[in-house]
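Look for chain A in each of the two complexes below; its partner is chain B in the first and chain C in the second.
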Partner chain A sequence: MKPNFRNWPVLLVLLVFSAPLLIMLAFLLVDAFTTKVPGTMIPNGVTLHHFRFLWTDLDDGSWGIWGVTLNTFNFALFTSLAVSAISLTAGYALSRLAFPARGFFLGSLIVLHAFPTVTLIIAIFLILQLLGLYNTLIGVIVVKAALELPFGIWVMKGFYDTVPWEIEMAGVQDGASRFTVWWQLVLPQVQPGLMAILIFSFLSGWSEFILPMVLAPGTEAQVLSTYLATMLLDGGTQADFNLFKAVGLFYALPVAIIYLIFQNKLMNIYGGGTKG
Partner chain B sequence: MRISIENFTKTFGDTTVIDNMSLDINSGEMLALLGPSGCGKSTTLFAICGIHRMNGGRLLFGDRDVTKVSSQKRNVGVVFQNYALYPHMNVYDNIAFPLKVRKESKAEIDRKVQEIATLVHIGELLQRRPAQLSGGQQQRVALARALVRKPDILLLDEPLANLDAKLRLEMRSEIRRIQLQTGITAVLVTHDQVEAMSMCDRIAIMDEGRIVQLSSPKEMYEDPSSDFVAGFLGNPPIAFLEGSVDEAGFRLANSEVTLPVPAGITLPGPGSAMRFGIRPEFFQPDNALKVKGRISFVETQGREELYDVTLENGAVLRSIQTQGGSYRVGDEVTWGIAADRILAFGPDGDRL
Partner chain C sequence: MQRSSWLGLAFLSPALIVVFLFFLVPVVLTGFFSFTNMSTATGVKGGAYVLNASGLRALTDAGLPKSTLEQIEGAGYRVDAKGLEALALDFGKPVAEEFAKLHEGEVFSKRRDVERALKDLRSNPIRKTRDRKQAADLFKRSLMNERFDSPTAFEAALEEAGIPETDRPLITEVAYTGWVWTTDNFGFLFSLDSTWQYAKNTVIYVVFTLSFNVLFGLFLAIATFYLPAGQAAAFRAIWFLPRILPPVLYIVMWRWFTWDTGFISTVLSGFGVPPRNWMLDTEFHAWTTIVLINGFVGASMGMIVFSSAIRAIPASMLYASEVDGASRLQQIWYIILPQLRWPILFITSYQTMSLLTSFEYIYLATDGGPGGATEVWALAAFHTALNNYGGNLQYGLGATYALILVVIGLLASLAYLRLFNFRNLLVKPRIEG
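What follows is the complex of A and B.
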């Protein structure tokens, strides 16, 4: 079939605007695997030396790349689980149940969603210290999950809104309790939303930088983003940028893989729920 | 099972939708709640199944007071307008769901599902998903799911509204067959008078939250209690002639023409307004009570032809005649009304 407009002008514009990004990515990839003379752009040798952090201890005071990776994974996973669990229930309540101050909660969700996180960070810091959660992974998880929640709840509410209420009423008439109706009849209809929230909040947790840096600066709770930052700060002008890029590549790889696998599911978030 | 609604009142916020309504539905009967949209018929249905709480009055199933009983414990089967099948389950699981909720044994569930599937003729569809079914098949599945746990009462909310004309005809008789075969007490909510008349033992016609008339379809058609009921039943609809009481009987508005009043009617005082209702089948060329008019519209319906006849004063009478009349638009005709079938209504719309 012949398209009704030419493709190449569109492609050209897209290419021009994404070129900086692509070039940076290309350099990240090339520099992570090559050596070159300082001051030149063209590499003069291939090496895996920059990836030595994977199998040797860099003696930089952290507890090794695998510990940090595990921290990052735990941080992202538990954030995502908490966000999903709460969004799943809170979204249902906001969509279906008539409870006091429902309008207020809905309004606050929007406001919180648009709220810049950084402005809250001093208050959060003080609260965490008061609770004894400062400098712990749990503390950061709680904060990150709380900040992700408005988005998650809002999306889940949207998915619940698309489920016809007759399905629930039919379930109730069939003798099922409200919980059974939610668990067995409604939840399967909003599964795409749940998947999207799980993945989105996992990725968001994986790439979070500000919160771990401010709220858990110690080595115990270090995650990959802060690990990268300390590499730059500690090294100063002597920082090994090739090593930095190799770690960066290692850090970005899971994100790329997850996107590749789940991109269709992530698109669901904009498509709404299932159609009966 | 017998259903008694006593002094039922329902309000949403400040608006009273149903005020002090009472209705008895006999055991094994199929009753239609008929009325225009917004008349409170669905509200009544949802009160019977427990989706809506009653603001006042009592609801009895047999001798049991169920006013405060939850939906789950009422044992009422409901077929919703959009069928509300569970889209992620196949037909078998849809029908089995009410039984699974009651934790019946697998063998028992299987036996009951097969039995009901045979009754509603969907035996070969059990492995399909709802999305793979036609509207009529979905309707049958919804019926099967509502009936599989042997409910005391079956409620149908506009069950045919989403079907095309041919299927509607088929499902009309199917639903009635299944209802008669199971002997269940059924309540049908509809705005379609043909559905109500063809499927039900009795019709409760509702308007603005009140039951206007409760009787059998034939009785309601021939002996309506008000011009609202007369206008709601019958297709093509009844035609009304406006006029007033005169020494000679009934005098048409803006005209010298008078018509004799049917026997046995106590007229309101001279000069008060009155309406005559004349059904299309009782306005025919060879009836005795002649009126003059001009054909203003002809509609060919295949077996029959529908004529609109505009009288000299501008009022319109309808006549339905078997195919073959050679009348055209613009023809002057003098056709007759069957004098004994005229329905006379007083100034407030009540039948005289």
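What follows is the complex of A and C.
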């Protein structure tokens, strides 16, 4: 198209609005590794002092960054495995199998997908107390997986819908059972969907904050989000933002790596969006 | 049923169990809990029956006769196994055995009577007055501060103490430490001025954030559509960041940006403005920050959805308009925006719901401050039931706040189902038909 419009006013507006984000990001990287002249924004020396939490105990009652990181990893991993496993079968059933009340289940899936789950947190808190799963990592994993599930099933059903019927019909014609058809013929076709759900729920679990904070506030089940939030909210007026940023960078590193590798896939899924 | 019916249900069952436990049950329980007075004090699992000083005061206020109150406080002296055991321990077995033989099961109303009985023991009398007083006190039975695990045990104790039958139900009710059913939460909720303040805050929050999300999302999508590919990709990447970064880190960056030792203060101090906390110093600043924090995240979602919708517009339409001499603004107004009607409706309805119910960013940024100015409904529910400084978490009242959001959420989700092209989903399976 011919340039019948000047770009620079648009660029200017974009830059003004993007400025906070750019500044925050730039100083996230700069502040984590440098010291500053007090009262200015100018760095005057490179240091790894802000990353001391990696090798010394900060004496804040938590059980060390590596234990917390392991918790976070377990939380994200088992959440994503559970979501993927359950979505894999439920998505297929909703997409391809005939069973009673199928329409009802499909309708419920849409309702669940749109339903704001965070409103249920009080009831879930009480349920976990009754089940004795309060303050355990397993409890949070189960709840997180459950809340991610409608999204997982929805995406998985979408992937199953694109698999040609002919593949299954050929399998059934040759005498395979429906289960064999699913396991041997259909599953290889939806591997990209499986990957997408695994990655997405892993990232979602890694970033989750509200559920671990409410359902497992003890130190045993602490994850990186609550570790950083405790630092941030308990800091009072003496906020050591260099330390927060160093912890934040450490925390966000896996997210950044995964995002850089799977950028395009994720862009599409985030379009469906689960946060405001 | 056909075999595949069973396979379908079997494939669906893990999901059904999870959905039942963590969606259906919580929705129903939120309703139940909102009709209880459950709190930290009452516990979740039910309670015991204990009368303490405050319970007694409540009974006095309820107009219980004075004689009954006295009976509760001092229910007399009962020669029972428990007292005898204590007696044996303090004064020796023979004393206890003889006392048991003569008086077991008796109830004395005054201590003097017990003392006399102890004095009159034939073979092992207790001689010192002080000792007798002490021994008599071992048999004192009061309903105060005694713990009963079941209502029947408590009622039996009341009966033994000779409390009139008409007063018993009220005493049992007051003594119960567990939660009870009540409809008071709803009346209480709407009698509070703060409730209306939360509602007002929520409206401010949703309206301003939503406007920012939709308008700025539109601007981002259209601007990046017209910009050269390289610039467009750079801006999309920047605006995608708030969505991809963990919320806690995102708020760390905003806190640093607005803190009194942070970016704005430091830069402005170069111009002679004294440093202050730009997030929390005034209500206006708090709201601006909250709207921007949520708006930056929401705008990225708008950007993604609108961008893909714009890319779906046939390029030939845009070319044709240019041949006819349309300016970019005319293109946007007459071609692009009409095509975005549904995506805009989708983003608006979707984000209204998620803004109405989310409190994560506000909790981390201002925690409702300064002075409750940014306390929205969802955050109030969270504070009431799960996180307050008083320490007594009111699950029941919090559930009442949450119930209102749950009901709105359910209605909106059902409306969403109506809007959705449901018939497309209902395509019948082709193998079994």
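As a convention for this text, the second predicted complex is superposed on the first by the 242 of 276 C-alpha atoms of A that agree within 3 Å, B and C clash if a C-alpha of one lies under 4 Å from a C-alpha of the other, contacts with A are read in each partner's own complex, and residues count from 1 in each chain.
The working rule: contacts are C-beta pairs under 8 Å (C-beta built on N, C-alpha and C of every residue); 3 or more make two chains touch, one makes a residue touch a chain.
It should be emphasised that the depicted structure is a prediction, and the values quoted were computed from it without experimental measurement.
Contacts of A:251 after superposition: chain C is touched, whereas chain B is not reached. After overlaying the two complexes on the shared chain, residue contacts for A:180 are found with chain B alone; chain C is out of touch.
When the shared chain is aligned, chain B and chain C each come close enough to touch A:169. In the superposed model, A:188 lies in contact with chain B only, and not with chain C. Within the superposed three-chain arrangement, the count of touched residues of chain A is higher for C, of the candidates chain B and chain C. Under the contact criterion defined above, the residues of chain A that touch both chain B in one complex and chain C in the other are 169, 172, 276.
In the complex of the two chains, the chain C residues touching chain A come out as 1-9, 11-12, 14-15, 18-19, 21-23, 25-27, 29-30, 33, 38, 44-45, 209, 216, 219-220, 223, 226-228, 231, 235, 238-249, 251-257, 259, 261-263, 266-267, 269-270, 292, 294, 296-298, 301, 304-305, 308, 318-319, 322, 327-328, 350-351, 353-360, 364, 367, 378, 381-382, 385-387, 395, 398-399, 402, 405-406, 409-410, 412-414, 416-417, 420, 422, 425-426, 428-433.
Against chain A, the residues of chain B that register as touching in their complex are 49, 51, 71-72, 76-78, 80-82, 84-88, 97-98, 101-102, 130-131, 145-146, 149.
Against chain B, in their complex, chain A makes its touches with residues 164, 166-167, 169-177, 180, 184-185, 188-189, 274, 276. Here chain A touches chain C in the complex through residues 1-2, 4-5, 7, 10-11, 13-14, 17-18, 20-25, 27-28, 31, 39-41, 85-87, 89-90, 92-94, 96-100, 102-103, 105-108, 110-112, 114-127, 129-130, 142-143, 145-147, 149-150, 153, 165, 168-169, 172, 178-179, 203, 206-207, 209-210, 214, 224-225, 228-229, 232-233, 239, 241, 244-245, 248, 251-252, 255, 259, 266-267, 270-271, 273, 275-276, going by the rule given at the top.
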